[in-house]
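Pasting the structures here.
Each of the two complexes below includes chain A, the first together with chain B, the second together with chain C.
This part shows the complex of A and B:
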């Protein structure tokens, strides 16, 4: 287990350094940062001074290493617009995004797994038809459009829920539900197919043959063995939700990192966008690490590889 | 090909019909659309659909704030969606397949580097990658397509890599190597045809995904410019009028949904044809979803 953990941590480090490298390359491609920081008619000597102060006169490899070092100490640059550290800005908005994505994930798991199990058990019944239909439409519908329809129905027509802002649990309902639809569809489809795979297995037939009650057969014997692919997709979906939150947050004016990033793109505030990417990639990688550890717990064979 | 057509079930048929209908709309927009999508009718702004009170038969699905015909704009909007989808998905497919073929066939440190890069790119949700790309190069449709190619090739590389690893050990490939057939020949003539099917499936599903993403970024004002009719752009314009003009936000979304359902059906059906064992199933590695 220790060797397994060490190898996974190393992989995590490689991924994060890779992400930082991509960001660094992109940043260098974005042209001379002094163009953004200084007025167009700035004096050449002023420009030269700023370049020296930012370390832009150093060889590229030195700049790269300095960048990695800065990130390692938590310095991701300052927002051009807000004049405050980008990381601080992102971290202050991160809990809101985490709350939104977490609620959505919980919602989609709670709905998707029972529905997927039922669809597999009653294959080709009306439940299966409904589940498959929901799955197909859920995967094809733009999240933000569902959000707009939700606003139209629940806020405009019925006046039941607030259409924007954060802070109260009622404001969370619409964004979390719309964001959950896509993940629910995917988790449901996968649960269904994973269950279909295991329901034919001998150990399930055996469990039935020895007279175990059906719920025990389904949840203890079948679902547990179908869990590995489901856990994988749930881990991946969390990343998808963090990304999907970008658009949902904009629709509902939810005060998270997604809206921060979109506004920063419009203002070409690179440090903020960069900090959002680094924070989310790190969060996503840590979640996948957790999933892998969970795997090893669920399936002892993996530990020995 | 004929046997494929004979195997068309309800799902495949629906998918094919939708995709062909959208393609026809895109190709023949000037002849199908009832009106010029940019023609402003200032006497009939924000008109409801024909069947509602105040609607007129001239504007079946109503008009927007400038009196432009919603139906015509939806028909023209299919051009942007489809063009972006086809270019982006095929670009990513070519890049991803080539890298996957090399990584799987030659292995070694190039293979390792390519597959590590795949891990890295997979750790960034695509929408964020697109945002970084837009910040650097400016928001535009071309940049959106480029960002897609530069980020989504990994979906193809993963599939190609796995398949090539398996194929490489098969006898017919080993026989080619023993017979001293050139590596490029083996890759192009013996391996590529054997992995083209699964790659086509991924490409079809990715195409639906590009359409979703394009509309989403256009909705955020980071994709197609407002003067070109696009589904996402229409939703963006309709958003501020959501409480008075439901048709402006409803119909473009329906168009997106139907189109993406079409591509997903087609992709699922093709996957079932390639591997009947998984018919009606879904796989973790299945494309289209994953990190979005």
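This part shows the complex of A and C:
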């Protein structure tokens, strides 16, 4: 277990360095931040001064090494725009994103797993038809379109829910539901197919032969053995929700990391973009690690090594 | 001797979009209290299907009961297991089943202790602690050494023989009146086979359990069964006390089965006689006697009319026009 963790943490470091490199290169390709930070008619000497202060006058490799070195010491630079440490800025927004992604994930799991199990048990019945239909539509619907539709209906027409902002549970409902639709559809479809694989297994018949009630047979004996692929997709979806809340957060003006990232990109606020990417990548990697550890808990035949 | 299980005229069919294929036709057999009925026949004869019908575990919606009754008599009351939800009330408690393949029948995700314990918690309403203690006792009673540590193991951490013993421990957890064993030794080594059969016999004498023992092995029948029912293509072709059927099989199919088993006394020159041909598919079962396509004695009448059960001397019965003459 200790060796497993050590190796996984090493892998994690490699992933993060890779992510940092990609971010660094892509940002340097996207243009000069001084264009945005200074008035359009700014003097060239003012420009030079700012570049020097931001370290942008150095050779690219020096910038890169300095950047990696700073990240390693926990310094992700200061926001060009807000003049405060980028990491601090991102972490202050992270709880809002975590709340949104977590609520969405919880919502999708609560709906997807029972529905997927029922669709598998009553395969080819109307329940199955409805479930697979919902799954197909849910996966095919663009999230921004669904979000705008939700705002039109529930905020503009009916006036039931706020269309934007954070801070109250009512403001959470629309973005969380919108964001949950896709992951719900994915988790549900996967639950269905994983359950179909285990339902005809001998141990399910054995569980019935033991006189256990049907819910115990399905949700304990069958679902536990179908859990590994489901946990995988739930982990992936959680990462995707954290990183992919960008659109939803923009549509609903949710004060989270996603919106911060979009604004930072527009303003070429490099340190903030870098901090966002590092934080999300780290979260993603940690979720994957948690999923791998869960495998061994769920399936005693899997040994971590 | 009172009847524990009485299956009468049971018919089961497989159902698909294209209609029904009869899989069991008028099966009648019974298990006496504390005794063993051996059900023997080739693959696809319907012996496992009969067991699943008794347990109420026929695959739905792919199969279903078309007629007949399955009476289970326990604790002074009688219930018909063909009725909806009737079998469910007795499963695990009054009747239990041992499956052929313990590797796949035990749930890979739970410890042996959990899998025994949940039966006790469910049916005997024991607490976690009490259920664990009883599980240890049960494992000891099926001959698993060091049961205190074994309950913490997962199925894949046990040997084949140990797994089958664990499954037997689950089955007998609530001391059921009826135990259905579906080829319980087929997946095991010969030496382990003998041990498991011994175990089943000694548990039977301790608990007074009636056993429905399904096998394709005539040798196992000779060792285990008080009575035998021989099945062929969804029907019972012969039944009666084991001794008389092994000595004087009346149905050509039973005779064929016995002749195809080697014995230790057999001279080296004597060749085993297999039954000619192969089992026809259920959807193309022959008319008349279902065995007529493979029977060495078949004549006109066998192809036209299905023979009824002929009662021979004692309680032996055979469904053959020539019963008693061959």
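Note that the second predicted complex is superposed on the first by the 263 of 305 C-alpha atoms of A that agree within 3 Å, B and C clash if a C-alpha of one lies under 4 Å from a C-alpha of the other, contacts with A are read in each partner's own complex, and residues count from 1 in each chain.
Just so we're on the same page, a contact is a pair of C-beta atoms (placed from the backbone, for glycine too) under 8 Å apart; a residue touches a chain by one contact, two chains touch by 3 or more.
Just so it is clear, the structure is predicted and the values come from calculations on it, not from any experiment.
After superposition on chain A, the partners chain B and chain C are seen to fit next to each other with no clash.
In the superposed model, more residues of chain A are touched by B than by the other of chain B and chain C.
Looking at the shared chain after the overlay, A:224 reaches chain C, while chain B stays out of its contact range.
In the superposition on chain A, A:15 makes contact with chain B only, while chain C stays out of contact range.
By the touch criterion defined above, A:44 reaches neither chain B nor chain C. Residue contacts after overlaying the shared chain place A:145 against chain B, while chain C stays out of touching range.
In the superposition on chain A, A:299 makes contact with chain C only, not with chain B. Look at A:276: by the touch rule set out above, it reaches chain B but stays clear of chain C.
The angle formed at chain A by the C-alpha centres of chain B and chain C is 90 degrees to the nearest 10. Between chain B and chain C, the minimal CA-CA distance in the chain A superposition rounds to 18 Å. In the superposition on chain A, no residue of chain A contacts both chain B and chain C. If you check the complex, the residues on chain C that touch chain A are 55, 57, 88-93, 96-97, 99, 101, 104-110, 118-119, 122-123, 154, 156, 167, 170.
Of all the residues in chain A, the ones that touch chain C in their complex are 201-203, 205-212, 216, 221, 224-225, 298-301. Looking at the complex, you find that chain A touches chain B at residues 11, 14-16, 18-19, 21-23, 26-27, 29-30, 136-137, 139-145, 148-149, 151-152, 156, 182, 186, 189-190, 192-193, 196-197, 229, 232-233, 236, 239-240, 242-244, 246-247, 250-251, 261-262, 264-266, 268-270, 273-274, 276-277, 280-281, 284-285, 288. Those residues of chain B whose C-beta lies close enough to touch chain A in the complex are 116-117, 119-121, 123-129, 131-137, 139, 208, 212, 215-216, 219-222, 232, 235, 238-239, 242-243, 246, 249-250, 252-253, 256-257, 260-261, 264-265, 278, 280-284, 288-292.
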